[in-house]
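Two complexes follow with chain A in common, the first pairing it with chain B and the second with chain C.
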Partner chain A sequence: MTRRFGLRAAGLWVVAGLLVSVWVFPVLWGLLTSFKTERDVLAYPPLFVFEPTLANYREVLFGTSTILPNLLSSMIVASGSTLLTLLIAVPAAYGLARLRFPGRKATGFYVLATQMLPPVGLIIPYYLVMQKAGLLDTYTGLITIYLTFSLPFAVWLMVSYFEDVPYEMEEAALLDRAGRLRTLWYVILPQVRGGIAVTTVFVFLNAWNEFLFAVVLGGNKVRPVTVAMFNFISVEQTQWARLAAGAMLAMAPVIVIGLAAQRHIVKGLTVGAVKGGGRR
Partner chain B sequence: MRGSAHVHMQGIVKRHGAFTALHGIDLVIEPGEFFALLGPSGSGKTTTLRILAGLEDVNAGQVWIDGQDVTHAEPGARDVAMVFQSYALYPHMTVAENIGFPLKMIGTPASDVGRQVKDAAARVAIDHLLDRRPGQLSGGQQQRCALARAIVRQPRLFLLDEPLSNLDAKLRLETRAELRKLQRSLGVTAVYVTHDQEEAMTIADRMAIFMDGRIVQVGTPHEIFRRPATATVAAFIGTPPMNLLPATLQAGWVHVAGKSMPVIFPKGTAREVTLGIRPGDLRLADDGIAARVEFVEDFGDSSIVNLEVAGQRVKLRAGELPAVREGDDVHLTFEPTAAHLFDRADGRRI
Partner chain C sequence: MSLARRERRFAFALLAPALLVLVLTTTAPLFYLAWNALHRIDLSMPWMSGFVGVQNFAKMGDDPRFWNSLWLTLVYTSCTVVAQVAVGLSLALLVLQIPKGQAVLRVGAILPIVLAPVVVGLFWRTLVLAPDVGLVDMATRALGLGSHNWLGDPQLALLSVIAIHTWQWTPFAFLVLLATLATLPPDVYEAARLDRASAWQRFVHITLPLIRPAIMMVVIMRMMTALSAFAAIFAATGGGPGSATEILNLYAYRTSFTELNLGYGASLAMVLLGITLAVSFFMFRLRRKAP
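Let's turn to the complex of A and B:
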């Protein structure tokens, strides 16, 4: 290794370290806080060495203010919207990428256009619609609303994956008597499974992390964990340690999924940047 | 084998928007024939093949396979197999799964699939690679895998779209011969698209020459080489292709570059023509058309002398290296029977 390369690598490490620490610090601080007593949390100067306790976790999991039902609620909403999104987006994206039909371009643009609205602007109309339909505080209602955001996103992501599959491969399958559906199933889908993985992760995490619509359109029955966090913040006081423990539990699936799918996600974000570039 | 198909295409017109890719193609391919569609890129040969496969619609005209009108039949309903230029192997399947895929799709029992896959793989000598994936194969092996996938179903018609163009030169020559042998042993009708005239000449029983969306000549390689129908065909066929020079034809003589040479053609009024002479038919002589030597290419067993005649490049093929050097002034002659004459206006053979 040359001296110049060594310096360069060191520089990169420093810059990367600084950037990462900005993201990692709050998470680590939250993790520390979740093991402190309320008294230690408020100590000043902040304590780095303290006697750790699991009391906060015991409380948020099994105490009076348990978030277990909310974790379940989040799981239902996130899994439900992910499953439905994939069921609709994958065939839709295939159609947009491959089939020739009148209005194909317009359809593509329409799908994209729905992404151009700021979500906050939709809260009141959505609330009114859900109220009229009797879908406030129901899983059906919240999942439907999440679909309106995740579907366009998923369709556009999947289109770029389908476009990467060479036409000739599909034609070969058609000549091999596979027909449209079996071509899709046996030849095309296995080649876009990376894209399906990325889409699943993105859609699931977006739904899991969503707060705004959950707080407005949810209620006592449908109360995802992001909303439930607020149980620990009241007018008189904020229970920082419990809040931190709850946040850690809510974050756990996100971090696990993120780490597991890291490789796919990076690939997913760069797809289309190198058209047809060595993905075979 | 389940026999070989008779192909008949009539009046095929294909348009892409305002652009007409095919202006009425008529073609008959006999059962068991190895038939090449030859032409420069963009001449419509691949489009014709894809129409035959059912991968493209037609704007007009009809296609029959074995007397059955398949003009609007789905690709899968035509009982044809195709080898694509890119091979189009399924990257997530092993070689065995790739070759077995067409069998699986027509519901062949699993026990038969294994045996037929082995047979097809053995025919193209890749039966030791059945567990590999396409990504682990060399270009030549991938090509064989694509061939095996095409023959495993025993189709009546075998379509090949520039199957050798992705192979290196040496492998291409070997595979060319093997492909011919394979087609012969299967007895299947094969339609072969290529832009390489040498490839078509050596592999095909008959061929059709495409130019600008039209078929300009159909015949055996020998016929087309001997009697090209137009000056464009003449300029396309042969290695190197025919020399073409502007000339005037009059009373059994052709006047070219200020010299009159005898030719065997009907006498008549003078007309503007293009004179065509194959490089192998030109000879150096003491008297004849004046030329200047530009450079000589020596291939060991033969050589090509590049000459300049009245501002045009002319090539002469000689068996032995002639005793000429760059810048020498020489004279060229040819036998009266070796001359090809084409009408200067429409390019047709006279």
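Let's turn to the complex of A and C:
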């Protein structure tokens, strides 16, 4: 019996492993390619063993097609918008989750609804207004615009974490005349540290990966790495090893964060789904 | 000051910044978009600009490219969502049976989700789908199915962009459904097993109803993503060849920022908005009606 079970488990493992490798393999293939010469890239049958070269990385870091300024650009835009988002979203989420005030439901629904606006639709007004205001190709402009998609998301994610904090803690602090703000800061916030971390990860990833707003509202000064990668292929048409090296560098931060925060990401994704069933 | 009133004031103070930002960056632009949709705004011929009423919307009636993009949006959204849920759910059911090592598979599944769609599009365009040297093309050649122009042939191109989207987002469905399945009470299954219910009966009569809310949630979220999909297609095909992969999103973008016809682009975006709202309204109602 145990033997049969072991075989069955092994079989399941092989099938599941094969399916998951469909997701992993292309990325690993990209990593391999980034260490190849352009000639090795075109080899058929494909080369798994070859003499690795760092030339591609040298080129995308220090050569004429360097993406270092773009990495910096992405870093500024993504961290700036993440910080701003948290500053605004965390208090708002607490208000929505815990405080009683008229129009609470409607406010929550409004925040949720703003998430549904298609970015392609918003980009036209943004472009026209920012052009007039001289905000195209500025960090201020892009960071502000990123709030449109990160804020509603962050508010809703944080609401679900605030709802998990037991009411008793809050009541005890309030009875001690601790004041609302101090209760929030000293009693509630430490309870949702995990939630704040998850929200930070999600908002940062989304901001780092954003493309549409960056390509239309950015420019020569503010050009995040996603836009740089897109331009790369029109300039260096067939330099695929170089493209792979650039892509690996561009995606290194999100891959590292994603894998490190793996557990939290699954939780963040499921917060809506698991709880969503009961709410409303 | 009464306690309730103080609470109200505090709530207002906490929410005001968020609401102000959202009104300024989403609601106000929305009205401006609607206003623009009633104008002719042609950046290549600025002297022709002006108020035209609903002319932009009337123009869509006999714009074949619009109807094509509408059709492609329908095909793209339904195919990607159905594929994601079907593959994601099957894989989740499979992985659930594995006693050990689920974590490794979960880590693997995280990978596509964290990548930028534009990079995914570029990756597929070059290393995965390129004729002769792409992974898929090498595989079909090795299997004797021959080399194909995956992104250059109109029909294959649509299939390819659907595959790209499905590849990137199926892990989402998989991870969410796996987490949901793991929370199901085992005693229900025990009872069913005692009643000699077959595996299929257990799935249809127990599992499916229990995870229905989660499936609905996944469907809604995936539909929203599919309806606003842009970067991966833009990077892989740019909407081409011709307009073979030009879903409404790409048509609105190309009209606005390639052909510089912002007025018509705005009216196309309004249609997209209408579709998004209608779909989400319908889906949420469907979800509420759940037995």
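Going forward, the second predicted complex is superposed on the first by the 256 of 280 C-alpha atoms of A that agree within 3 Å, B and C clash if a C-alpha of one lies under 4 Å from a C-alpha of the other, contacts with A are read in each partner's own complex, and residues count from 1 in each chain.
By definition in this document, a contact is a pair of C-beta atoms (placed from the backbone, for glycine too) under 8 Å apart; a residue touches a chain by one contact, two chains touch by 3 or more.
Just so you know, these numbers come straight off a predicted model, no measurement behind them.
Asks: Using the overlay on chain A, decide if chain B and chain C clash or can fit next to each other.
Replies: Aligned through their shared chain, the two binders fit side by side on chain A.
Asks: Tell me which partner A:17 touches in the superposition: chain B (first), chain C (second), both or neither.
Replies: A:17 sits against chain C, while chain B stays out of touch.
Asks: Is A:233 touching the first partner chain B, the second partner chain C, both, or neither of them?
Replies: In the superposition, A:233 contacts chain C only.
Asks: Name the contact category of A:48: first (chain B only), second (chain C only), both, or neither.
Replies: neither
Asks: Considering only touches as defined above, state whether A:182 meets chain B (first), chain C (second), both or neither.
Replies: A:182 sits against chain B, while chain C stays out of touch.
Asks: Applying the document's definition of touching, compare chain B and chain C: which contacts more of chain A?
Replies: Per-residue touch count on chain A favours C.
Asks: On the A-aligned overlay, A:62 touches which partner chain: chain B = first, chain C = second, or both, or neither?
Replies: neither
Asks: To be precise, I mean the smallest distance between any C-alpha of chain B and any C-alpha of chain C in the superposed model; what is it in Å?
Replies: 6
Asks: For chain A, which residues lie in the overlap of the chain B contacts and the chain C contacts?
Replies: On chain A, the residues that contact chain B in one structure and chain C in the other are 280.
Asks: Quick check: in the complex, which residue numbers of chain A touch chain B?
Replies: 166, 168-169, 171-179, 182, 186-187, 190-191, 280
Asks: Please name which positions on chain B make contact with chain A in the complex.
Replies: 53-55, 74-76, 80-82, 84-86, 88-92, 101-102, 105-106, 134-135, 149, 153
Asks: Quick check: in the complex, which residue numbers of chain A touch chain C?
Replies: Touching chain C from chain A are residues 9, 12-13, 15-17, 19-27, 29-30, 33, 41-42, 44-46, 88-89, 91-92, 94-96, 99-102, 104, 107, 110-111, 114-129, 144-145, 147-148, 151-152, 155, 180-181, 205, 208-212, 216, 226, 229-230, 232-233, 240, 243-244, 247, 250-251, 254-255, 257-259, 262, 265-267, 269-270, 272-274, 276-278, 280.
Asks: Please name which positions on chain C make contact with chain A in the complex.
Replies: 4, 6-8, 10-12, 14-15, 17-19, 21-22, 25-30, 32-33, 36, 41, 91, 94-95, 97-101, 105-119, 122-128, 130, 132-133, 135, 138, 141-142, 167, 170-172, 175-176, 179-180, 183, 213-214, 217-218, 221, 224, 227-228, 230-231, 234-235, 249, 252-253, 256-257, 262, 265-266, 269-270, 272-273, 276-277, 280, 288
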